[in-house]
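In what comes next, chain A is part of two complexes: it sits with chain B in the first one and with chain C in the second one.
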Partner chain A sequence: MKTKMITLCVNGKDHRFEVPVNRTLLQALRDDLKLTETKYGCGTGECGGCTVLMDGKDSVCSCLTLAVEAEGRHITTVGGMTHEGELHPIQIAFIEEGAVQCGYCTPGMIMKTASILANNPNPTEEEIRKGLDGNICRCTGYEKIVQAVRRASVMMDTAQTRKVGGMRA
Partner chain B sequence: MNAKTYVGQSVPKLDAREKATGQAIYAADLNLPGMLYGKIVRCRDFAHAKVLKLDLSEAAQVPGVVKVLGPKDVTQKRYNSGVLDLMVSEGLGEVLGDIEDQHIFTDYVRHQGDAICGIIAESEEIAEIAAQKVKVFYEALPVYLTAEDSSRPDAIQFDERKPGNRAFQLPEQMFPGNAYGWGDVDAEMAKADMVFEETFTLPKVKQCQMETHSYVAMYDQTGRLNCWTSTQMPKCVQPKLARLFDLPISRVNLVSTTIGGGFGVRLGMICEPETCAMAMAVPGRPVKVQLTREEDWLASESRHPGKYWIKLGVKMDGTPVALDARFMASTGAYFTHASGVPFTTGSWLTGMYKYGAVRYKGEAYFTNQAPSGAFRGYGNPQTNFALEQIVDRACNALNIDPVEWRKKWHKGTGDDGWCIGVPFSSCALDECLDRGAKAIGWNEKRAKYANQTGVKRRGVGVSVMNHTSGAMPMLLEHTTCTVKMNEDGSVVLMISCSDMGQGSHTVLKQIAADALGMPMDEIHILNNMDASGFDIGSHASRTTYVGGGAVIKACEDVKRQLIERASIRLGVDKEDLEFKERQVVARSDASKKLSVKEICHSGVYNFTNPANGETNGVPGQIQGYASHFPSHNSPPFGACFAEVEVDTETGEVKVLELVIAHDIGRAINPMAVEGQLEGGAHQALGMILTEETCYNDAGLCRNNSFTDYKMLGPVDMPRITTILVEQPDPIAPMGIKSVGEAGPVNPVGATANAISHALGIMFTEAPITPERVLKALNQ
Partner chain C sequence: MSSRVLPQFDLLEPRNVADVIALLSQHENQVSVLAGGTDLLVWAYIEKNKTPYVLSLSAIEGLDHLDYVAGEGLRIGAKVKVAQLLKHPDVAKHYPALYQAAENFATPQIRNMATVMGNVLRASPAGDCSCAILALGAKVVLQGPAGQRLVDIDDFWVSYGVTERQPDELAVELRIDDTSSSTCSAFQRLTRVHEDLSKLNVAVRLEMDQDTCKQARIAMGCVGPTPLRLKKTERLLTGAKISAELLQQVAAAAREEVTPIDDQRSTAEYRRQVSGVILKRVIEQAVAKS
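Right after this comes the complex of A and B.
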């Protein structure tokens, strides 16, 4: 397999390494960079477990994105959501609302939420549900996840929190 | 901090922070030095076949391949991936007839996905390339996909020990006529004014836990087999692996990794045997196996599908004079839970209503589908689908309100329980029904939605259920707990119960904190299978009820020791001493007291007098211990109400609202209880509306992906109202009853009954898809 030297910017940090051109972003994150917080759930873009944020706004399934395609983009994983040890309001909302059970979908859910709120800071319940569609959770029935997204939007609105997405100085 | 401050509070889950930051370690996240990758090569093209020839030579030559293993290269011992054989007494096990019928790698394929051989390589990619080079020559055999097919006299016998491919029926020695129940069903049925009879078809539903099965195993230089796995039953898998590989339990180190969803699929072993066999072949090097989603579907167990025949006889006033039922389940390719599920399925039926007489027959047959096994509810969703619908049919025919009928005829406190001979210790079902009916607006909507004719028609339905808290008396029911007091008075709580994400470790810590009157953050819960003692695992809705009982007893043991020591040191009678805010204080003289910390510290830091060789005061580190065998199972009840809207042009069913009222006894953590009911509802609605694993005529799975196997998404889920009815159970620890397994039960029947209310049609086949709705409307 042909390989290519790439630079991936993950959570504000540049990583330069060689990858086969068919390597997915998910494999590059998990296997090459050992950033295992992004999860494999299906490998075919059906479950959203591998969702990461690109350029602070767009959510993508990293299992459907090639590592070489991600070059030059700012990638944020759930590992990049905390700032100097402080949790992001989305993380706080997920924890306190009981939106985390087994936790396997949580990294993807949180990144999807970041994308929803980056594009629409005050979504209605319907917009939240539509926004989350594509990210599967088998534990919660989505009830508490929807509550957490709503609460996060309020928290972020009041706190005027910093933007997420590897955009920090 | 005062005592009793955590129980009853919605404390956020202890592991939520590490999960929300991505720091929780699941098995697939492990990266060990020198790690190799294992690939299990599975039969993809046949559901029933003999392997005529297996050629591994080309695969072995792929650069980077370390070893290839065929069926003869691993232990020839057979095993049963389920664990029921470990948890019943020897005599009962023999009567039930559980068999060990699985091989690590097989030359007789019984379902698509059966494991043929294993490849160990330096990378996952290399293992996959080599897997493509394995050549297998098969002889195709006839495929049997239902119990009706495989039980035909000319069918090939799957196992010589099970003639007619009947893996299980209720044993004649225990239950004459291969049935349990009470009364003379035939005689009572003859007295009925009306008889309702139907055969229901249950789908093969998949757990769909988000983490695919993943493992790491290493046979280390000290001769220990180490296995990292997210099993729900570490202390049962440990002896199973020990037996399979001829090792003492002390040489099997089972490491529980974070569990990415269980719901029963991780009850027992899945690919631990294959992974460990590969590790044994390359001593000193860890081997990682991670299943793809497709493999996970093919290789792991599901809910039992089958036919549920049921016949209910009633008097004109609604009196249920007799109920006759038979569940013919498909156990799939292997035995696994063939005895457990069909046995238990009828319990939820006999436990529900005061029939004049009842008879239940449960059977399981081999088929060429992936094995069936444990799935949250263990037969209860199947019973709920059949029983609750036949009851509604009778109510409708007799013009009796379904809520009133259930209130009149459900079993309650003191009545014979789901296990005949063990009475119900409490029952809050009436309150569940009353509060649920009010919340959904039952009376108004029931009248309003009668006789609709429009395109979109609405309906409301009700369902009730009973379940268990713990495995007693069906299985061994035992959990141990050790509470180690550190020298500063902080605590290590050692218990083997798994936390599958439901929050059981949080709840157990809440219980311990209150029992010892101390803050939760000074307690560490240790889930180490070398250090912590026996436990039968997280299943049977038992962790809070049984694990909590063990924690309370072990904490009592600690308090007893603290009081004994304080009594000696203070010179005060034990009876005069009491616990107050982490101190032991004399009731008669409050100035006489010792802090818990002081007692623990002096027990550890105790210096021997060199002059006489004696210790000072009362030496020794304090450890409380309990080996807990609960004497009961405090069954919970529950009621559910569903409102649906059916589009008669498209056949689509939309669930608008669910009200779930649960008889929880006492909620240790209300937010966690709600989470169990809401998440369970998702699984129940999937079973009733969209979910089914389908096979083509050749027995090949048609929908082993999340695109083709449709679970409800956030947009499809209804508004859910949960009502926690707290009437403490008189004999349960702290009055608690279970919730986890109850989750996916009641919304099944309630939704089916709501659809029937909307359309006037009862659906006997689940899931109730748009196709089936349109077909029924056109008939």
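Right after this comes the complex of A and C.
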């Protein structure tokens, strides 16, 4: 088949539409669903700009995932991190630590952070740095991003924690 | 529109292995098998791979098993992701070399997507899991129209990018040889930054009796067209007591045995120089943990 009717569950909401089978998840998110918060960087799985969460905890490169292959999975983009207009603690931590400069890598960084903390709520600095492998930032030098991940882990540990968007579905 | 667009293809979504084999037999070299996609889609983007059919394994039940059975070994289904190796306690316990390779493999996103089998089928000399699997010893289970056959990992890679798998066969499982309490293994690699492909990787499996090595398997990557066994160097270790002097001889032998080339990640000269050093270190690491 050359096209397929699929149902994509993004940020807790089902979208039913027809896609060419060679369309990537990134293209489906950006071009079909107009969810442009997920960024195109290298297109070959090296920069992490297109990182989304699968089933609430696994980070994947949406540029190397076919849209048809994402059917049946819960996909979370950074747009699904806010809850009723309120920012997620990870987003607040990035703002408070000044971990954002040009901002292009930030959606991927936020989703990677969500993945790191979903798998390990209290990571060490080494675990944070290793977890951030695969997400490239050309502005910050990573220091403030590492601090933001640490702050988010403390905030999520102490505050009332909310589940990541895709998990609510 | 995002700037890279995949070439057109027809998607095949068989529901069981028998249907996969039928489709592979029908289309032969016209079809690419998709599991993780981290190599296949990159190759498609850069137009090295333009098969008219892509066969997805997604709809198939099974092939996602990861089981260790004492006395038999580790079975890794074709759809098992690299990240799954890190979550299985028996991999860390019985196969440190494979665990360490998986731990250092690419990036978290790629580990969540890429399959272990895909790394072996890619037949790249730089494959980290491939290097560990070659040192540990394994069989690749290939299923074709006539049934299953087992190919020893030592015979599986024919040349760069080419394996023993025939176009009408599906690689369904990896069977890693069993280990015992006297087995130790380890993996190391050299890269500039973590995300890079290895410029050199090495894994060893040693059967030890106190300080004496009874048997050794050494696998090194990025020093030849496929991951290489360093059989001459292994013979120096067999029956010998591990000592600083022996490791110096082993390092010198490895430098003689490898056949590296210059490429964008390193030079033949550098690879030859460090091959002995990193082999010495990986043996020390393996023995220290046994």
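Here is the rule we go by: the second predicted complex is superposed on the first by the 165 of 169 C-alpha atoms of A that agree within 3 Å, B and C clash if a C-alpha of one lies under 4 Å from a C-alpha of the other, contacts with A are read in each partner's own complex, and residues count from 1 in each chain.
Everything below uses one rule, namely that contacts are C-beta pairs under 8 Å (C-beta built on N, C-alpha and C of every residue); 3 or more make two chains touch, one makes a residue touch a chain.
Quick caveat, the model's predicted, so the values are computed rather than measured.
Asker: Examine A:Ala28 and indicate which partner it touches, taking first as chain B and second as chain C; both and neither are also allowed.
Answerer: So A:Ala28 meets neither chain B nor chain C here.
Asker: Which partner chains sit in contact with A:Gly43 here, chain B, chain C, both or neither? Use first/second/both/neither.
Answerer: After superposing on A, A:Gly43 lies in contact with both chain B and chain C.
Asker: With both complexes overlaid on chain A, does A:Pro107 touch chain B (first), chain C (second), both or neither?
Answerer: The answer is first: A:Pro107 touches chain B but not chain C.
Asker: Looking at A:Gly134 after the superposition, I want to know if it touches chain B, chain C, both of them or none. Which is it: first, second, both, neither?
Answerer: After superposition on chain A, A:Gly134 lies in contact with both partners, chain B and chain C.
Asker: So in the superposed three-chain picture, is A:Ala152 touching just chain B, just chain C, both, or none of them (first/second/both/neither)?
Answerer: It touches nothing on chain B or chain C.
Asker: So which one touches more of the residues on chain A, chain B or chain C?
Answerer: B
Asker: Tell me which partner A:Cys61 touches in the superposition: chain B (first), chain C (second), both or neither.
Answerer: In the superposition, A:Cys61 contacts chain C only.
Asker: Residues of chain A that sit at the chain B interface in one complex and at the chain C interface in the other, please.
Answerer: After superposing on chain A, chain A residues 30-31, 40, 43-44, 46, 130, 133-136 contact both chain B and chain C.
Asker: Along chain A, where are the residues that touch chain C in the complex?
Answerer: That would be residues 1-2, 4, 20-24, 26-27, 30-31, 40, 43-46, 48, 51, 54, 58-61, 63-66, 68-69, 112, 115-116, 130-131, 133-136 of chain A.
Asker: Would you mind writing out the residues of chain A in touch with chain B in their complex?
Answerer: 30-31, 34, 36-44, 46-47, 49, 77-79, 81-82, 87, 91, 94-96, 98, 100-107, 110, 128-130, 132-146
Asker: For the complex, which residues does chain C have touching chain A?
Answerer: 1-11, 13, 34, 37-38, 41-42, 45-46, 54, 56, 58, 83, 106-110, 112-113, 194-195
Asker: Please give the residue numbers of chain B that touch chain A in the complex, ascending.
Answerer: Going through chain B, the ones touching chain A are 10, 12-13, 15-26, 28-29, 31, 124, 207-212, 258-263, 290, 292-293, 500-503, 671-672, 674-675, 678-683, 705-707, 711, 713-715, 717, 720.
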